[in-house]
Amino acid sequence: MNKPKFQKRTVFLLLYLVFALLPVYWMINMSFKTNEDILASFSLLPQHFTWANYRTILTDASWYSGYINSLIYVGINTLISITVALPAAYAFSRYSFLGDKHVFFWLLTNRMTPPAVFLLPFFQLYTTVGLMDTHIAVALAHLLFNVPLAVWILEGFMSGIPREIDETAYIDGYSFPGFFVRIFLPLIKAGVGVAAFFCFMFSWVELLLARTLTSVNAKPIVAIMTRTVSAAGMDWATLAAAGVLTIVPGAIVIWFVRNYIAKGFAMGRV
Amino acid sequence: MFLTLRGCCWPRRSGAGGAEMARIELDLAHAYRPDPKQDSDYALLPLKMTFEDGGAYALLGPSGCGKTTMLNIMSGLLAPSQGTVHFDGRDVTRASPQERNIAQVFQFPVIYDTMTVAENLAFPLRNRKVPQAQITKRVGEIAEILEMSGQLNQRAAGLAADEKQKISLGRGLVRPDVSAILFDEPLTVIDPHLKWQLRRKLKQIHHELKLTLIYVTHDQVEALTFADQVMVMTRGRAVQVGSAADLFERPSHTFVGHFIGSPGMNFLAGRVDQSGFHCADACLQIPLGRVLPAGELKIGVRPEYLVPASANTEGALPVVVSQMQDVGTHVMLSATFAGQTLKARLSSDAAQYAPGDTVWLKLMCEQTCFYKDEEIVP
Amino acid sequence: MSAIIKPVNQKAWFLILPVLLCVAFSAILPLMTVVNYSVQDIISPERRVFVGTEWFAAIMRDEELHGALLRQLTFSFSVLAIEIPLGVLLALAMPAEGWKSSAVLVIVSLSLLIPWNVVGTIWQIFGRADIGLMGAALQGLGIDYSYTGNATHAWLTVLLMDVWHWTPLVALLGYAGLRSIPDAYYQAASIDGASKFAVFWYVQLPKMRGVLMIGVLLRFMDSFMIYTEPFVLTGGGPGNSTTFLSQFLTQKAVGQFDLGPAAAFSLIYFLIILLLCFILYNWMQRVGTQEKEGGHE
């Protein structure tokens, strides 16, 4: 049962990983150069290696506060999204009720409009309720597209669990919350991991709404990065460094949910 | 610790439709890590076992005892860390499940969702490039046996759990040269009122097709009704192999005594010396003709064989009644002696005792077994 | 959602109430505003004239819109045609466990985490012959590559950028779906003598159907609304060869600052996506549940 070392699968995977990393490597490369270096010469590795770009970002409050702001509202949003999506996904998966198919599809329609459409109305709405320039405003606004996504993903995974498990748990005397937390959730770990990661990701990179609803206190990193165009031209170097740093929180999130995504559906031991 | 079973009078024969059943011989152990030093490092302690061709066997034991491991080693999904597996004398230890030609039915129904019932059943044959006409015929035969002929064109995904399990079984039966069918707790997700139907169907199939069937379960009722020979396992060890009667009458290990029977066997711990068996301040005469080793010993007697006797009868002990439970067909008496609990199964018209009463129960009888260090004294 | 019959339980509405509140709060008010604007001519903040369906009619007749729509449709379907199979293949190739699985997961997900304007910027540089690795490499191979001057090159670059950016989404969904398949299915297939392709076709793909549907719909919607990345990379050019629908809408709205037609266009935009998604969704549902009905091998 020994397979040859270099299967087609492995070769394909390696090729893709190279493809995925090339632009990232180029960005990292740029982040360690100065603007002059970038524009002056083409080199695979920085000729004059410099930490200056990172230093700028990590010491300038207006830069690193952007990261913190982003992390805050993305965290809030992910938490709310998953929490409200779980019971809803369970309902769609297990029960049939009036209008269920329509509501399910309607949820997804909220992602079908270019965000530009919502800019003005959201601006007016949040100004009216006095939530402008707060983290919670962006977190709430992002619920628009994250909650439907979470519901759809979770429903998909929940439908893969046979109902016999629910019934056995009730026979064994579990209450609904007990069953849900102790038996059901561990079985859909992969779905929760994926849904959480996607909510994090879509909220993290969203620019339009985040920029419109914030000005100073809650300005996210994505907005700050758009102001790298100055009279001297594009500040490639700082932008590259900022770009590299934006990957870091997401990479950490995926590291933490990797077990949730990779663990399968374990049923029936011995 | 070796355990051998010699096939007892199973004539070698082919199953219906030209099936060639296999005689499976195991001589192996399976450890969790490459360098096992103590018993707990083993998933399966060294054992030797032969499953005769055409026999129906059950592997019975609680969760974690190693029965599924053993099944997977037999089917080829797992290779033992040491030892061999032989099918009809052929060494198949490293052979794949396909090469061994076995079929396995899992704990939850495994079917191909996108196919109809007929296509599911035909799948193993299609993979072997059997001609279509033959496939159709064979699928028809098997569907007949499973009582699913009317559902052949239905999508398998829409059926109930028990029907799906029948399809899983059918995929095993459809191959005329299948060597053995292995079942891994197949009735777990089946509704209780359908379980007996499926059990009956399995017994029927065994009868008709004379297949070697090996059935893993933690339910003694399933094991004892299904199999001719039951192998009781605990913690990686096969403690006894025998028929239902053997296991009931002469459990060779206290575990078997506990596990089989409802409730299990009564055990009374005490000491043996020249004068007899001592427990607390009572002394019982050892039955004539029996020689028991001196020292710590346990008496085992089933609730079914524990009868009330008059005071001071030979081999009887005074016990204090704690409860009398009327279970409809019989009455269960629970009592204590010197801190140890004893249960007796009495007929419904037996005398009524109240909690606190003292009753004399005859412990020493024909069916009483003696255990030293948990093993039976022959 | 499978063919299994589900018990009817109207109380399930309580379970979805939180979701409805969150989404409705974010969706309905703005939607009402947009509908409101779309039937008015907003000459100035004080002067609004009700014009009914005038804007809708004008938009439908607009030639430039037809062009943008056609480009957009071609783009979206190309995206689906490449990213879905590629994503599935990638999901199959990714290791299931061990340190390798964690490492591969992180590397594959990197492109998803980059803000979209930075994605555009990276590729903008990447494709330049003077300071970019890809540009320089292609020039080195003798190809006169220019995404600013050559419309085909621009198209291909935008497509490549999208594939690089978003294929991991499909792959992650597929990967999670694959990990949810119990071992017993693979074991049974092995016992049944199934070939590797048969295992893929009869076990893996059907079990991934749910997640793949999410992947298809997501990629379709997002590619249909794509704005930032191509805008940063090519600005819509050369000419308008890479001006897709979203950029067209923004040009109209921002450039001419006419809320009425912009709102009307937004609604039409939304309805197009809705219609196409609805078709896709129903087609995929039907493909799943009707497979092999009456079909024999």
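Note that the chains take the letters A, B and C in the order they are written out, and that residue 1 is the start of every chain.
Just so we're on the same page, contacts are C-beta pairs under 8 Å (C-beta built on N, C-alpha and C of every residue); 3 or more make two chains touch, one makes a residue touch a chain.
Because the structure is a prediction, the values reported are computed rather than measured.
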Central chain of the complex, centres being mean CA coordinates:
A
Quick one: point me to the chain whose Cα centre is farthest from that of subunit A.
B
Whole-Å distance, subunit A centre to subunit B centre, using C-alpha means?
51
Cα centre of subunit B to Cα centre of subunit C, whole Å, reads 55
Roughly how far is subunit A from subunit C, centre to centre by C-alpha average, rounded to an integer in Å?
16
Multi-chain contacts in subunit B: which residues touch at least two other chains?
96, 106-108
Multi-chain touching residues of subunit C, meaning two or more other chains, are 2, 4, 182, 184, 207
Residues in subunit A with touches to at least two other chains are numbered 267-268
Listed in rising order, the residues of subunit A that touch subunit B in the complex are 1, 162, 164, 267-270
Tell me, which parts of subunit C touch subunit A in their complex?
1-2, 4-10, 12-13, 15-16, 18-20, 22-23, 25-27, 29-30, 33-34, 89-90, 92-94, 96-97, 101-102, 104-118, 121-123, 125-126, 130-134, 136, 164, 168-169, 172-173, 175-177, 179-184, 207, 210-211, 213-214, 217-218, 221-222, 225, 227-228, 246, 249-250, 253, 259, 263, 266, 269-270, 273-274, 277-278, 281
How about subunit A: which of its residues touch subunit C in the complex?
9-10, 12-13, 16-17, 19-24, 26-27, 30, 38-39, 42, 44, 80, 83-85, 87-88, 90-98, 100-101, 103, 105, 107-118, 120-122, 124-125, 140-141, 143-144, 147-149, 151-153, 155-157, 159-160, 163, 190-191, 193-194, 197-198, 201, 204-205, 207, 221-222, 225-226, 234, 236, 239-240, 242-243, 246-247, 249-251, 254-255, 258, 261-268
Mind listing the subunit B positions that touch subunit A in their complex?
63-69, 94, 96, 106-108, 161, 184-185, 188-189
Complex interface listing, subunit C residues touching subunit B
2-4, 182, 184-185, 187-188, 190-195, 198, 202-203, 206-207, 291-294, 296-297
